[in-house]
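Heads up, the thing below is written out as structure tokens.
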Amino acid sequence: MTTCTACGADVSLHDDLEAGEIVDCTTCGVELEVIETAPPVLDRAPELEEDWGE
Amino acid sequence: MTTCTACGADVSLHDDLEAGEIVDCTTCGVELEVIETAPPVLDRAPELEEDWGE
Amino acid sequence: MAGGASTAATTDADDTTAVTETAAAETVTASVIGASGFAGGELLRLLAGHPNFDLQQATSRQRAGKSIGSTHPPLRGTELRYTEPTELESVDVLFAATPHGVSMGHIDAFFDAADTVVDLSADFRLDTAAQYDEWYDGHDAPAYLDRAEYALPELNRENLPGADLIASGGCNATATILGLYPLFEHGILGGETGATDGDGAGEPGGDEQIVVDVKVGSSEGGAGGGAASSHAERSGVVRPYAPTGHRHEAEIEQFLGTSVAFTCHAVDMVRGASATSHVFPDAPVSKGDLWTAYRECYEDEPFVRLAAGGSGVYRYPEPKAVAGTNVAEVGFELDPSNGRVVVFSAIDNVMKGSAGQAVHAANIALGFAETAGLDFAGLHPVGSP
Amino acid sequence: MAGGASTAATTDADDTTAVTETAAAETVTASVIGASGFAGGELLRLLAGHPNFDLQQATSRQRAGKSIGSTHPPLRGTELRYTEPTELESVDVLFAATPHGVSMGHIDAFFDAADTVVDLSADFRLDTAAQYDEWYDGHDAPAYLDRAEYALPELNRENLPGADLIASGGCNATATILGLYPLFEHGILGGETGATDGDGAGEPGGDEQIVVDVKVGSSEGGAGGGAASSHAERSGVVRPYAPTGHRHEAEIEQFLGTSVAFTCHAVDMVRGASATSHVFPDAPVSKGDLWTAYRECYEDEPFVRLAAGGSGVYRYPEPKAVAGTNVAEVGFELDPSNGRVVVFSAIDNVMKGSAGQAVHAANIALGFAETAGLDFAGLHPVGSP
Amino acid sequence: MAGGASTAATTDADDTTAVTETAAAETVTASVIGASGFAGGELLRLLAGHPNFDLQQATSRQRAGKSIGSTHPPLRGTELRYTEPTELESVDVLFAATPHGVSMGHIDAFFDAADTVVDLSADFRLDTAAQYDEWYDGHDAPAYLDRAEYALPELNRENLPGADLIASGGCNATATILGLYPLFEHGILGGETGATDGDGAGEPGGDEQIVVDVKVGSSEGGAGGGAASSHAERSGVVRPYAPTGHRHEAEIEQFLGTSVAFTCHAVDMVRGASATSHVFPDAPVSKGDLWTAYRECYEDEPFVRLAAGGSGVYRYPEPKAVAGTNVAEVGFELDPSNGRVVVFSAIDNVMKGSAGQAVHAANIALGFAETAGLDFAGLHPVGSP
Amino acid sequence: MAGGASTAATTDADDTTAVTETAAAETVTASVIGASGFAGGELLRLLAGHPNFDLQQATSRQRAGKSIGSTHPPLRGTELRYTEPTELESVDVLFAATPHGVSMGHIDAFFDAADTVVDLSADFRLDTAAQYDEWYDGHDAPAYLDRAEYALPELNRENLPGADLIASGGCNATATILGLYPLFEHGILGGETGATDGDGAGEPGGDEQIVVDVKVGSSEGGAGGGAASSHAERSGVVRPYAPTGHRHEAEIEQFLGTSVAFTCHAVDMVRGASATSHVFPDAPVSKGDLWTAYRECYEDEPFVRLAAGGSGVYRYPEPKAVAGTNVAEVGFELDPSNGRVVVFSAIDNVMKGSAGQAVHAANIALGFAETAGLDFAGLHPVGSP
């Protein structure tokens, strides 16, 4: 378990985590980049200016 | 003016027509390929299985 | 203040000038009975933008005294107020957009007030009192049935000049007839006997099974409201509302000379009627034959547009492509696996299906340009209009 | 008889008993391939609420690593993340909700990972490679065609127990077949020859012209998107999108033993498929005959509800009455003027038309209660769901 | 944490345990007054799927004698018929889903028939007769006001166990209060004085200008119908229907201890209410502060789900993500340019906004599992539900 | 053959007479860049029906060679085909309806081809390169910023005659500014300092907190498509898509001289933008004061219509009442409980919000009648247009 940098909730991570992988926080949904794996360190992933509707 | 091979209507074409160009018939909408240019000969363009809604 | 209506007002003023200059026939006076309804409101809108009509009265019993813009937003700012239908003043033309049964009960009063009556209801569409006994609850004024001309101008415009009682074709009937007519006209259906002769009295066709599956918007039901047509109940439906026995079958049969197996569904749109007709010609036809039939029937028609394949998003007729216009889109496809021809036709029921068709017919009857007042080409994109 | 809330109530009781009685077989593991799509997302939702399935993996190539709730709001808060379809772990059951062609290409890998494969695509629905040559672009794994059981449980549930490759019936085919089947079963159509025998290989019927006019929602197109299916272009349509030649004809013909004249329209809803079938029986039938036929076929079915007239707003089948449920509404009307029977059937394409039907079939195959996980009864009012 | 499928899963497990442990109190009898309406129909649906309620009667004056499925498609096949509200039999719990003013006029009769009354109208939500004089047309049974407990369980569940007159919170008020409450609770708004104390009687807040801009679906208007709410007039609207002076302001003010500047728009959906609250805290806050406030208030709530940015299509609360469920989505965003906090909250007005909230409150009052009967997680995709 | 375009042609013919009478300058040539998009298609439609424009070219890179009717149904039957934007011929006026960033990159080429450029994008709306650095990604052609005139004719028509680079106002900005402007103009907001002076450079206002809550249709996103804007995902939403930080804030601030707290929601319609502005004037105002302010500003405006209460169904501004028109509806209500003024404004984003406003501005710049080509008054009933 690691803490989400955006909302502070716990983020559950799977075992064979790789650095650079992108996961999202299941509480707040932000995308987090795996910076280090042991122990896991997460940081806000660079925001893709993804179109989401307009 | 050339005749559409699908619906028989006249198709108006611009001057600097090139072979291989795709135009559509303004009556029936089918896409026509320019086979020859002087005089213009048109044939049904190969149907792209274009998604148009489902 | 602003908008459409004021523009229309200015136009009226100009036209008045024009009238003085040109000739008596140029501008005629008109009133609308049932003007607070959907078809009536559309008539008001069309007449306001029409170069040859000068609108006099708009009737509504429930809203008498209120301005017409209070009901119909496009007419906001217009000075005209609703009057009682019992207080008709003399005009050249009276348009009646009242529920079935009203016109037949007041037809004498209508002719007292006007030289020409254009009726949008079904009251004068059928040829004989017997048909009204069969399909409706009889007829109150059968003497007028002979005098009335059914109006579906693409098929019988030659009957309309000078007509003084015009029965504007019904919405679902118009969509269906426009779709099927070229097949009869070109002998693809109906054998040698089935063709119509323009006065609406076709010979009986063969024993074709013609299935017509119709989808319509909520404005066909009129402005009334009620629990079943509330937004919550009526949204998102594909609801069989007339599985069998729709009264428009009478009109279709009278015109095409063949009966149809007709089913109507309510779908989620406000304006629009779409008819899909499934037919099985006796002899094989090619897509080229179909193009020939439809192009010959409609290529000079100002209000029919063919769409039968092609490319892009809009390949076949669909109601939203004609919303707000007097255009009928007609198209077809051939099913090689069973020789079926599928015919699609799409109209705006409030326009080509009622008010637009009525103005079109009046234009012909009175000698105006056919397309006068009917030149709006529609919108793209548009949602569920 | 069937449907909604009563089913739910009964089910709860039954399941409790069942749970106490049985044992190890009770819970099986399952994964979903194509879980980010519409049918796959529905599977996730159903499995999460199912007493006998324990969800292991959900695959998506494009969203691997993201939580399943990021795509499907009903699953927000769930910890499960998408994995690559190449990293399948061993499970009891694999559901494949991938586009046509994917399952046939990976079927060996699927069976490496799982004992039972339930495929929602068309890849294993047809009996022979020849049919795939005719209707699709051939088949990559024809050896599996014999092994696969088509699943439309109301008609062939006896084939499903123990099946290890299940081809869940297609949405439009399901709606059409459920509507027409009682007519064949009761000899109203098809003469003595046309009846199906439960394994999907009906004898050829007579020369009936069966017209099937279908209206579908946008979710049938999947989660992809594109200019033609954008909200602005797709809203408010009655758009003929498969005028002829729809591939589901193959399934219908295989099951009913007769071909149909099939036309599909896109209308403005997201979930829902509605089939209106117009048929002309050789011998006259009464509405009572029809009720008998449909009741005998469906009165014990948990997921078929009859609606054929009655009163109130909802008189015939319509998609919004079954949205979110695994229920098919089926109804009919008789057209006395021409002997036509009009059959209406309505389903939710994402449920009874795909994910719900797949779970229903899996329930039978694995010996679970048929309605397990499928007891949601729907919403009223509901708009355009 | 909260929401959907995972809750459902957990719930099932818990309930099974609970069931085994407890006993006779397990099932109570219940009736619904106003059962033919939208909120009443939803109650019928929820009670039918609820493990602890046994439905006895459903009243409708207009449909007495008809089956409840004739009105509500999800209940088709159920044997229960509507009865007159004057023929109430004894039950444990009476749910009243009648228009404002009915319950207050019949409250004695309600208590004659039942031990516990759960009222969905506004009749017992306010604390004092004076408030009814100000916001409504006075009160017929002011003696009951003290006895009544307002029910918005997330904020005052401690008041509900054993309550015998429950006033279920209003739809727009619920959405608004759930959105703003954490800001008051954590002192971001309201200074030291504004926090609520759980009995609905907050201290007056500061002079914040809180703007609440609400968008609602057509089911908020009930099942009645009428020209203004007809499909043709109500489709596609963004219509200011309560620009100022909405009665729910009274509830909000009573609960939050501050008035709000409240405006309500009708939009094109059937189910759903969405409140966007724009607030300007006196002291600067960070997004982290907001997350802390909202997570602390709601992370253990089974029916609140936070959505405040993130990725994918569904980033902030929206009604269609919660349609059919008892979940409230709540989220927020910070406007760095002016220190504004924008709070979004979205509910299904027929569920969390009325019937679902009423069942939730009854569950607590009667000692059932809080989520019993309320575990539906919603649909994806879904259109305009 | 048929429909809109040909009708328009007839109209042109009539007008030609007029042209002959008046002066040579009467008709100018025009081309549209980005003509396959939504704003560009609307320009084509408007120019086709405009008495003073003669359309030369319509560009699309993706559809070059195809007819313009293949994309835009109202233009079916028109002979014009798309050309590449690199093959511009000389014209009097060039309309650019390309995404942000395109015009600034090609402005020299545009002026090589045309004397007057009317740009519909945001590329030339702001006064200074610094603003582009702040709100966008900088500017490629800052030298043109001084030359450009922002066009929101109701507020600054005096700047437009003779302008050769016109930056047509943005959709949401137009709705917002038209709603708030009379309050500043009449000193209800902004104290003595905040009034605009007509060139778009207002003095900074006071510290009013102006909350603007906007609801928009899907056509604002353009013709592109994508999963998030697919029909299934975009239907039925009330979705906060720009909770804060919308770029139109820059335009609003530049014009009104005050910043606004701006939030944008996507709702279920295709055409339409509706802005609800909540403001709290320092000094009390009456509803009469408001009427005076708005009437004085707008009573002579051809394209502004006031709606602020009244009777019937349409009491306040709403987008469907102006769909297809160049009209802005503006209205207001006073909240006596807190001194708030709520201002509603509604436009069709494809018309008054882009193409219509651009034509309006061009009409003024070129000395044509202001309303030329813009007289469509809208439809009633209409659904979700």
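Which chain is which? They are A, B, C, D, E and F, in the order written, and residues in each are numbered from 1.
Rule of thumb we're sticking to: a contact is a pair of C-beta atoms (placed from the backbone, for glycine too) under 8 Å apart; a residue touches a chain by one contact, two chains touch by 3 or more.
Owing to the predicted nature of the structure, the values given are computational and were not obtained by experimental measurement.
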Hop across touching chains from chain C and tell me the fewest hops that reach chain E.
-> 1
Greatest centre-to-centre gap (Cα means) from chain B is with chain E
Same-residue or different-residue interface between chain C and chain F, half as cut-off | same
Looking at CA centres, what chain is most distant from chain A?
-> C
Between the pairs A-D and A-E, the one where more C-beta pairs touch = A-E
Comparing each of A-E, A-D or B-F with B-C, which pair has over half of its contact pairs in common by residue number?
-> A-E
For chain B and chain F, what's the span in angstrom between their mean Cα positions?
-> 36
In angstrom, rounded to a whole number, how far apart do the mean CA points of chain E and chain F lie?
-> 40
Please work out the Cα centroid separation of chain B and chain E, and write it as a whole number of Å.
-> 60
Of all residues in chain B, which are in touch with two or more distinct other chains?
-> 24, 27, 29, 31, 52-53
Residues of chain D that touch at least two other chains are 38, 66, 69-70, 76-79, 217-219, 221, 223-224, 226-229, 231-237, 239, 268-270, 313, 381-385
Residues of chain F defined as touching chain D within the complex | 38, 217-219, 221, 223-236, 268, 270, 383-384
Taking the complex as given, what residues does chain F use to touch chain B?
-> 1, 65-67, 69-70, 76-79, 81
Once bound in the complex, which stretches of chain D touch chain E?
-> 1-9, 12, 38, 41-42, 44-45, 48-49, 51, 66, 69-79, 217-219, 223, 269-271, 305, 307, 310-314, 321-325, 350, 375-385
Chain E partner, complex, touching residues on chain F are 209, 211, 213, 215, 227-228, 231-233, 235-240, 243-245, 249, 259, 261, 263, 265, 267-269, 272, 274, 276, 278, 280, 313, 315-320, 331, 333-338, 340, 342, 344, 346, 381-385
Report the residues of chain E in contact with chain A in the complex, numbered from low to high.
-> 1, 287-288, 291-292, 295, 299, 306-313, 315
